[in-house]
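Pasting the structures here.
Here subunit A shows up in two complexes: once beside subunit B, once beside subunit C.
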Partner chain A sequence: MRRDTLRDLAVAVIAWAALMVFPSIYESKFAIDFVIRMAAFGIFAASLNLLVGVTGMVSFGHGMFFATGAYGFGLLMQKAAISIPLAMLLTVGASALVALVVGAICVRLKEIYFAFLTLAFQMLLHSLIVAWVPLTGGDQGLTGGLPRPVFLGIDLAKQSHLYGFSATLLVAMLLVLRHLAETPFGYTLRLIRDNPERAHFLGVKVFWMRLAAFVAAGSIASVGGIIMALFVSGAFPEFANWTMSGEAIFMIMLGGSTVFLGPIAGTAILLVLNDFVTRLTEHYGLTLGLIILLFTLGLRKGLLDFIADAIARRRERAGQGG
Partner chain B sequence: MDFATLANCLGSPACVVTQATSGLIIGMLLFLVAAGLTLIFGVLKVINFTHGAFYMLGAYFAYSIFRVTDSYTLAVIGAALGVGLFGLVFERLFMSRVYGSNVLMQLLVCYSFILILDDAVKLIWGPEFKSMGMPPTFMRPPLFIAGGVVPPFYLFLIGVTCFIGIVLWLVIGRTRFGKIIRAAAHNPGMVSALGLNTEMIYGLVFALGGLLAGLAGGLAAPVRSMVSGMGFSILIESFIVTVIGGMGSIIGAFVAAILLGLTRSFGSLGFPLFVDGAMFLIMALVLVIKPSGLFGKEA
Partner chain C sequence: MLRVEKLRKSFGGLVATNDVSLNFPPGSLSAVIGPNGAGKTTFFNLICGLIRPDAGRVILDNEDIVGLGRAAIVRRGVGRAFQVASIFPTLTVEEQVLAAVLSHREGYGRIDTRFPPADARARAEEVMSMMGLLPRAKTVAANLSHGDQKLLDIALALVLEPRVLLLDEPTAGMGPEERWQMIEKVQELWTREKMTLVFIEHDMDVVFKIAQSIRVLSYGAVLAEGTPDQIRRDPKVIEAYLGTAHGAEAAS
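Moving on, here comes the complex of A and B:
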């Protein structure tokens, strides 16, 4: 194994251990819920960054896979009476299939057109969910709760078990994404982002690489949807609405797209802002809008990108001085 | 799904006339908003996500001016000028700072303004639905065309928007200002090298876009109820219009807006739950077959 891989693995194990002992040190229902939501949205935003940050494909339709995750898993649990791991596997498989079909149509298109076509497919799914009332519950969403059969001693009806489950998935998915981004595959994607023509001349099959990234990102995003379905005990059409994809993009932009953990930082920032601003003031939009405006016009990049650049600049200056 | 209702309607001239006029109203208002959006994109290569909020501001401005002056004409003109000015200020003070950076940064600036304006509207005009009411001039009995009911205001609206569309087309196609705009869309560097102030052109284009959106908001005020966040759906729809018609094409926006308006009004009979889906389906089809849109130039 390469040294970097070992280091990533070590960081992941430490982060996982910290998340596991956290509830016994600091007991708070709010914090537990926060981490579960953080896991759902964090996986979602980080998977989108495989497209936005690494491959340079700005997808406006990523919420599609959050929804296939939540609805696929919810429907399987309600109607099929199968175990949770099997349902998860099937859901991720189904989302990958959706991503394969949608991606095959979309990834040929350039920048803004790619963004719009993915948005169109996501909104089609949204309309389908709203219109297909007998299966999805339409506007009301998939209600009635999810059965949660115990597996391997894990009872997801208990909030503490759901916490451990979500935190583990978060760390695992981040590790997968990190691995994807650091392998030759990831560097090929960066090459495509920076110069698709050059990649093409070097013999890279740009279409297939983009498609592979799209399928990987979609599959991983569906895991976020599964966690969300478990957290809210159902699935709602809002998951497939374009605001969902918009929020993921804001998370990436707030946290930074070039630093690997940027989207996670962005998720935390947006969730904290959401929670605290709604609690402190009724002028939620005004406050959040002003904060985002300060971020964008002040930093002009995501928080972690800004910090990383500042550190790099400082090092450079120190290097010049010495 | 209720295709029988749709088939019945298509069989009766009265129903066709009623649905077609309401479809045209939706389409023409959409055209005004989308024309501004497509114009701004054509010249600045920026997608103005706040355009729906501009429309909302137009409607509220018209509401207040109508309350004070009792004149619908003044209300519409005031709404257009007010939002045009707002567009200019918005571009100069905020958007112009993020042209060079990531597209997503522009999106964030716009998003923050959507949030701020929606909340500001709630603060100033209140969170509840507002309705301006029909101006007295148009309070007359409806006309009957082939048995279909057509309110006089609808005819006025169609006439005015058509007129504005033609004026816009002439301004862009025939005047010096239009020539400069087209040149700036084509090659801003050259325009700047020829001694024209591109920054001012950008500001003016944004103002023109805002003017059109404000106009649409003001014209729509008597027939639409107003609420904070009302710009959202029209923003999405005008996106679809610009994509179908081709980014930067005014004619394309016109055709696509009418197409979408008719899809909406007839679709609400045949497939009420899937009207939005149908619009996105059309957009997806166009993007797959001709990504640059029906009237767009090949990129």
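Moving on, here comes the complex of A and C:
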């Protein structure tokens, strides 16, 4: 195996091990819940960054796949009496299919048109969820709890098991995304981000590459939705609302889009803000808006992008000095 | 090798390419010249599939390539560099040349290996060294000098092992020194790779120095074609384009 692959694997194993021992070192229900939500939203935001940061496609409809994940999984568990791994596979497969259809229509479009059409599809799904009351519970959401049959000794009714399961999925999905971004496919996506015209002239089939990125990102986002469905024991129409896509974009903006872990840092920042600001003040939106303003005007980029640039500049200066 | 027949394209009322028929023999080095707005770049765009002609044929090795996509035409061996260097600004020189190598080998969608696969390196280094870009391999393209960006643009086309290479003003925007370096590179490339090379150029010193044959376009139509000597003496060309300076020089 190559050195960079090994390094990523090593980082993943260390992070996973740290997450696994964390609850025994620091016992806190709040922290456990935080990591589970972190897993759900982190997978969601990082998968969106495959489109935004790597391919240069700003989708405003990514929440669509968070919702197909949560609803697909929730419905399968409630109605189909199948095992959790099978329900997960089916959900991810169905989300991929949705992404394939929506993507085939959207990825031909440029920038703002792409953003708006993905948004339109998401709102279509939102309306469908709200309107189809017998299946989805409409406004009330998918309630009544999820059956959680034990598999491989994992009982997701126990919060500690759900914690380990979510943390493992987070690390696994990040590894998949990291791998995709570092393959020839990932570099082809960067070509398309930088200069799609020229990519055509290199013989790249730009449409198919964009579509593949869209499907990959949508499928992985649905895993985030699955974790969320397990966490809240159901699914709610808000998952398919445009604000959900907006939050993922905030997470990327806050954490940075060019550094791989930027969206994860952004997820952590936004969740912390969410939890603390709401506790301190009623003016949550205002405070959050000010903080985001601070990032965009102050740093002019996400946190990790800012740090990475600062390190690069320092190195350059050191290089000139030596 | 490359032949166009009765090629025609108009934009609204403007006829940008007017029944152009030209032949570029295999291994030739030709210049396309003409005043601004003569339709030179449009001519290139028609050949490489960026725009579709209203009528006419583009024949590459006895095959009509009109209507094939850009990617398909590239795969048949038509490479192209642009007037304004068309590169990938956030990637390093090495990264984009490697990515181009993978694209040429149809390995650009692979997810079974990390980038770059070891077997792509040799070819990337060969092309970078051919264009004198090896010292800049680790530089992010946006930070390259103007001249190096133009060289990179050509390098990206070269990776595809074109049999026909179209260069749109390779020396545009360059100072005298950079310009002659570029011209030497182009000539060296042509001698070494034995490709059919067609370039658009405004600098007549450059054109007369290296072109074997010249095509003159004016108002979308072919005004003249011939060897540099013939073109220099052609009264129509002198009147429409060269003006008296080169004409006088040629006459003396």
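FYI, the second predicted complex is superposed on the first by the 322 of 322 C-alpha atoms of A that agree within 3 Å, B and C clash if a C-alpha of one lies under 4 Å from a C-alpha of the other, contacts with A are read in each partner's own complex, and residues count from 1 in each chain.
Here is the rule we go by: a residue touches a chain if its C-beta (ideal position, glycine included) is under 8 Å from a C-beta of that chain, and two chains touch if they have at least 3 such contacts.
All of these numbers come straight from a predicted model, not from anything done at the bench.
When the two complexes are overlaid on their common chain A, residue A:T188 makes contact with subunit C while staying clear of subunit B. In the superposition on chain A, contact is made by A:L293 with subunit B only, not with subunit C. Judged by the touch definition given at the top, the superposed model places A:V98 against neither subunit B nor subunit C.
When the two complexes are overlaid on their common chain A, residue A:V223 makes contact with neither subunit B nor subunit C.
With both complexes superposed, B is the one of subunit B and subunit C in contact with more subunit A residues. In the superposition on chain A, A:D4 contacts subunit C only, with no contact to subunit B.
Once the two complexes are laid over each other on the shared chain, residue contacts for A:F121 go to subunit B alone; subunit C is not touched.
Common to the subunit B-facing and subunit C-facing surfaces of subunit A is no residue whatsoever. Against subunit C, in their complex, subunit A makes its touches with residues 2, 4-5, 179-180, 182-188, 190-191, 193-195, 197-205, 208-209, 212. On the subunit B side of its complex with subunit A, the touching residues are 1, 47, 94, 97-98, 101-105, 107-109, 111-116, 118-120, 122-123, 236, 239, 243, 247, 271, 273-274, 276-278, 280-281, 283-284, 287-288, 291-292, 299.
Of all residues in subunit C, only 48, 69-71, 74-75, 80, 82, 86-91, 95-96, 98-100, 102-104, 106-117, 156-157, 159-160 touch subunit A in the complex they form.
By the touch rule above, subunit A contacts subunit B in their complex via residues 52, 58, 105, 109-113, 116-117, 119-121, 123-124, 126-128, 130-131, 133, 138, 242, 246, 249-250, 252-254, 257, 283-286, 288-293, 295-297, 300-301.
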